[in-house]
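Here it is, the structure, as structure tokens.
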């Protein structure tokens, strides 16, 4: 069974269709990439899958179980972790604390789910710190250090530094480490190498490859197509909110529809134009979403 | 500087717009690496590039919305680097921003007229207003509607009319065809040519290379903040190098 | 129960519309500023109050005619508005919206106190200079002032409409409000438009102030605060930033208030404002006319938290300081000093509470004094009515404050950034109003007297030094409690919520739960402080824990450094003790607080000891 299945997902913003009937599946252990030109709807799709936004139609299944519209905190508890397009680390928290926040759903405190009483219990237990909590605390700290160690000596020596003081690439790495601390069943990476130089990109490529070899299931949005080609088992191409192609990386890369989506459609017939413009219906707007540089 | 066979020094015109050695950063991220380009009077020049190549930031640098860390921008023979945006506009640059950015709660009429904010010659403004309605007849039917209810294509025309109202020497367009249906795209390109024929120099940023190169005189291709290609539009059109710049170069 | 004839009903209608006209003027100003600068301007009430005073000086001292008076009021207020924008706010344009909001609070503190220093805190009589004759119109009696207010408001509304619709500058103003960056690309100097907007808003506010001064025949420095809140309530009701909405909202609020007062009595006047304020914020933040527009987007993190490394304070220094504080009574015979420091310890607890909620968890609370009040009243009533021993009643006060306060704040958890500030301010006021109006329980404005004095294990604590030690003792207990929570996973989780609530949710953190936990923990500490205060003074009323106390506590926290516990204590000592120790400053203390707040926001947002 597919780990993640998306069926007919659709999202409109004030009459503008950002995601238009997307289907996709990600099987366990697979790395699937979503590519497409600016404004194709990739990040909206990510937000719909991770609960930051609610779809107008369609459904999302995790392990066959519907998760459509669940809030992000519940999805995280189910093992869905993500990183963000522009990197959202907790700036004033140390690198280690950032990673520990990633382990939030694995703490005993997170299992105290009874409304009100669970909350009061959490406060009291946090105050008295019973032995089991202290053990857990030590264990999670050790684990967090292990996650940091995956990045060699990039993060570990800086574990106690506040995240805002890190270089840009290290902040992105911290964000991935944080997501890994959740022990995700599905990891969604939104442009993990954005803003990285070629060396850093190559290093991260190797890192993601190693995650893949460990059997992690990954859904990736990425602009650097060479990276996508090297990492992906399958590639899904979006344009104007729709899926225009899907398949193995090389096949997709040579698909004329994909090239057209990136480079633009050649100009249509000059003559048919005026007659068509008179009609109102074809004036479709696709994306007035905010653009991020 | 040995062989100086090509250009005759007398005919070399000062470009209307010139960017030299621009280096731009967003915080720790470098967006532009030594970007230089120029636009001559009367030309249509397009700046092409894939996602996150730094195209739109180039436009922001020209308009003074983003300040480069190094390099300078010259317009009409004078430096404009680091000037506040309104002053740059007053020097004669009109802007059609990305995703149009019309004023949604103002009427179409008000949107057009605020384009002439920098001018005080009321009679001439009236004339230009009439000319805009001739150039964009669709807007005439909608003068008293809120601009926010217009379709995307109409908004694009409104944004162009608004920019032209300042009587710019240079009009800067950021992705003018983005989000438009294919048929409307053609109409917009046609209008850009028409505007250019009336003497306005056009600098446009486009992702849609095949389209932009059909109307442009020259083009530049930006990839990861570097200008990787430049040349006459017909040379770039269909060139495999352009394709590679978009799709992540030479990976075959 | 007042008798409702058709005639009184009609009279109330006129009253409500007249007051509503003035509220509309205030609300229009706030709407313009919110639209153009995306800012909730807390200094607007102060401009209104200064307008009222200028009008009073012109009419009463100088004997000027009303026409000249209004011109002078308009000129002075416009200048004031421009100065506020230019020197108080312009540099904060690109900061999180909380930063300029705090700056406007600082400005309003400073302006209010300045007027108090010049004209005394007492109300000044402002007799209506117009003929007293009233016209009877079909059973409704209308005074000359009623007509004047209606005429001026209508004239202003028409002029504003013409300005915004038909002038180049008016277009530029609207364009700036709708899309600042696009307006710049039309050649609009948006800084100048900002200043213009503040000037126009200030003129409307100032003229409103003069008219209200005449209407209620007095002017007084604290009139600013209520007017500002009414303006916001009206503005929210109509939709933040909407000018027509502000007019309708103002009129509606005037009517609701007038009929409410006629039905229930004048002490209920403000309750309606605050209930509308909170209700609209929580239920329909876009207001009646704002359906088209969502509340403007906030920056990624809506909180006012500067990146910094906190100053490390060695444990030895903390323990040394504590020992010195314990030993102090043996070395001084000055009871005054001990009293001031006792006060500082109680304020430290308030500051700890605010630094937890606002600094650590990032929820900008302007209503933390409400927790003090609940704690104080609960403990006092439990010991008076049920005879609970003091130790128990203090504890019960703290628990009730935490529980009740958090429950009241719960609806606010869905809001972000400056809306949290506005809503918590409203909740603090609602608590205050409930205390004022629930006479059966709280004895209303008379307050509770003969509250059992402090005692410990049955021994009375009534001497200055033992009270000092007692207060210090519970401060230490509270600080240890908070410290322990900060070291647990809660500290980390709260800070994650503050830094980036979207990322926090994506990591599985339930925002409501951790916001609630922060308010509970902070509420316990504030409640304890309030309870102690009640027994220490043996008398409290609804003024004991006024809204300014909340803002003073917040200033202490910002001074010390957000989320920084040592900073909170040092901030509390500095702001309570220093003005007392240098007596000449004491009268101007709120002027100092305001200026301190303004300077901190601008020049040292991380405070003295840094953000934790």
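Odds and ends about this structure:
Per-chain residue numbering starts at 1, and chain names A, B and C are given in the order in which the chains are listed.
Here is the rule we go by: a residue touches a chain if its C-beta (ideal position, glycine included) is under 8 Å from a C-beta of that chain, and two chains touch if they have at least 3 such contacts.
As the structure is a computational prediction, the values presented were derived from the model and not from experiment.
The greater number of contacting C-beta pairs, out of the two interfaces B-C and A-C, is seen for A-C. Chain centres here are C-alpha means, and the one lying farthest from chain A is C. In this assembly, the C-alpha centroid of chain A lies 33 Å from the C-alpha centroid of chain B. Work out the mean CA point of chain B and of chain C, and you get 47 Å between them. Taking each chain's centre as the mean of its C-alpha atoms, chain A lies 41 Å from chain C. Residue ranges on chain C touching chain B, taken from their complex, read 168, 171-172, 174-175, 178-179, 181-190. Note for the complex: chain C touches chain A at residues 300, 305, 307-309, 481, 484-485, 488-490, 492-493, 495-496, 499-500, 502-511, 513, 516-517, 520-521, 611-612.
By the touch criterion stated above, chain B contacts chain A in their complex at residues 26-29, 31, 50-52, 56-57, 60, 98-100, 151-155, 178-187, 189-190, 206-212, 214, 242-243, 246-249, 251. The touching residues of chain B, counted against chain C in their complex, run 63, 65, 84-86, 89-90, 95, 97, 101-106, 110, 113-115, 117-118, 162, 166. Here chain A touches chain B in the complex through residues 16, 37-39, 167-168, 191, 194-195, 223-226, 228-229, 253, 259-260, 262-268, 270, 272-273, 276-277, 280, 282-289, 291, 293, going by the rule given at the top.
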